[in-house]
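Below: one structure in structure tokens.
Chain lettering (A, B and C) follows the sequence in which the chains are written, and residue indices restart at 1 in each chain.
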Amino acid sequence: MKIVQQEFTVSTRTRCQMIDITSQVESIIRQSGITNGDAIVYCPHTTAAITINENADPSVRHDILLTLEELLPHYRPGYRHTEGNSDAHCKSSLVGCSRQILVKDKSLELGTWQGVFFCEFDGPRSRKVLVQIRGE
Amino acid sequence: MKIVQQEFTVSTRTRCQMIDITSQVESIIRQSGITNGDAIVYCPHTTAAITINENADPSVRHDILLTLEELLPHYRPGYRHTEGNSDAHCKSSLVGCSRQILVKDKSLELGTWQGVFFCEFDGPRSRKVLVQIRGE
Amino acid sequence: MKIVQQEFTVSTRTRCQMIDITSQVESIIRQSGITNGDAIVYCPHTTAAITINENADPSVRHDILLTLEELLPHYRPGYRHTEGNSDAHCKSSLVGCSRQILVKDKSLELGTWQGVFFCEFDGPRSRKVLVQIRGE
């Protein structure tokens, strides 16, 4: 059992954005020398998240962000946190700050339409993504 | 450290459905020969998800699906994805496409009321579930 | 590869509450003798969850619970589960019953503002948290 960890940076350009990071994760797997096992993709921020969803049609990303915005608008009466980003903290806990993906034949074992996304909910910012690959 | 992976098929019958897959996961653990470790249950689809919740009273499933339907209705003004299943993509990212469960004494270490569910949000379809067991 | 598992109890005081359990998880890592790897924090209950979010300003917790309460109110017309806690089951599936965190240099590799929280959605109760540390 081998454990390899690396990180990379993501620069976001708007307040809410989903950025496809599949190729960065794949590249870390290839460099790791690990053939089979799993990958943890971890976001060390409290106003961002990691998700897996369709990366073929960009309108899916648009519709997910639209839905999150309508369910969790930027301002809500009763919010106490003074930084004005409580909605982003909620989105982070609902989408989740990490995902685990299986690794097979030196590649992510994603479904046909699946890609890995970094979700920015309080940008634009420079963000970090941690990737740990475990296996043999 | 041993890694064993298998998959199985789930046939869903309605658009939104929660199907108890606990016994299929348990069966893969028994066949794996692994006593202690963890199991990753992974859904390679972008309009479905995996969750852990109560499998004693079926009305819990009904109430979860009702809530998701009311929060994320099938159609929302502004959706751009032309396949008409943007709500299902959102539900998938909110519930999450995988779960990790501890394995102890050749069995899932679930709480008294917990079961593992495949969540269909755009059925009926034939779906695949990947299960990776890791441990000793 | 070493696997160490321990559990601890959390006593919740209100119906909905987020309790910082970072120090309990850190303590299990120190006792495990594991330097690098990962930790799974697992909640074996169907009306509670585990999340990672800001533990600096307590108003973030307040705002997350407020948002969940408004999106998923205690009662919803159409609920069939007779225990009156269907909202708590929904919150559990949306936030998720476990989280995975990387372990580096005998410590959780959390972001600057991140802490690990037990989320009670149907308290007050006595709850259990399972922690599995894997690594070398």
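Here is the rule we go by: contacts are C-beta pairs under 8 Å (C-beta built on N, C-alpha and C of every residue); 3 or more make two chains touch, one makes a residue touch a chain.
Small disclaimer: the values here were computed from a predicted structure and weren't measured.
Copies chain A and chain C of the same chain sequence form an interface built mainly from non-equivalent positions, shared numbers / all numbers used being under half. For the copy pair chain B and chain C, the superposing rotation over Cα atoms measures out at 120 degrees to the nearest 5. With centres defined as mean CA coordinates, chain C is found 20 Å away from chain A.
Across the assembly, chain C contributes 1, 71, 94, 96, 100 as residues in contact with two or more other chains.
Within the complex formed with chain B, the chain A residues making contact are 1, 36-38, 51-54, 57, 59-60, 62-64, 66-68, 70-71, 94-96, 99-102, 104, 109-114, 135-136.
Residues 1, 3, 5, 40, 42-46, 71-72, 76, 78-83, 86-87, 89-90, 92-94, 96-98, 100, 128, 130, 132, 134 of chain B are the ones that touch chain A when the two sit in their complex.
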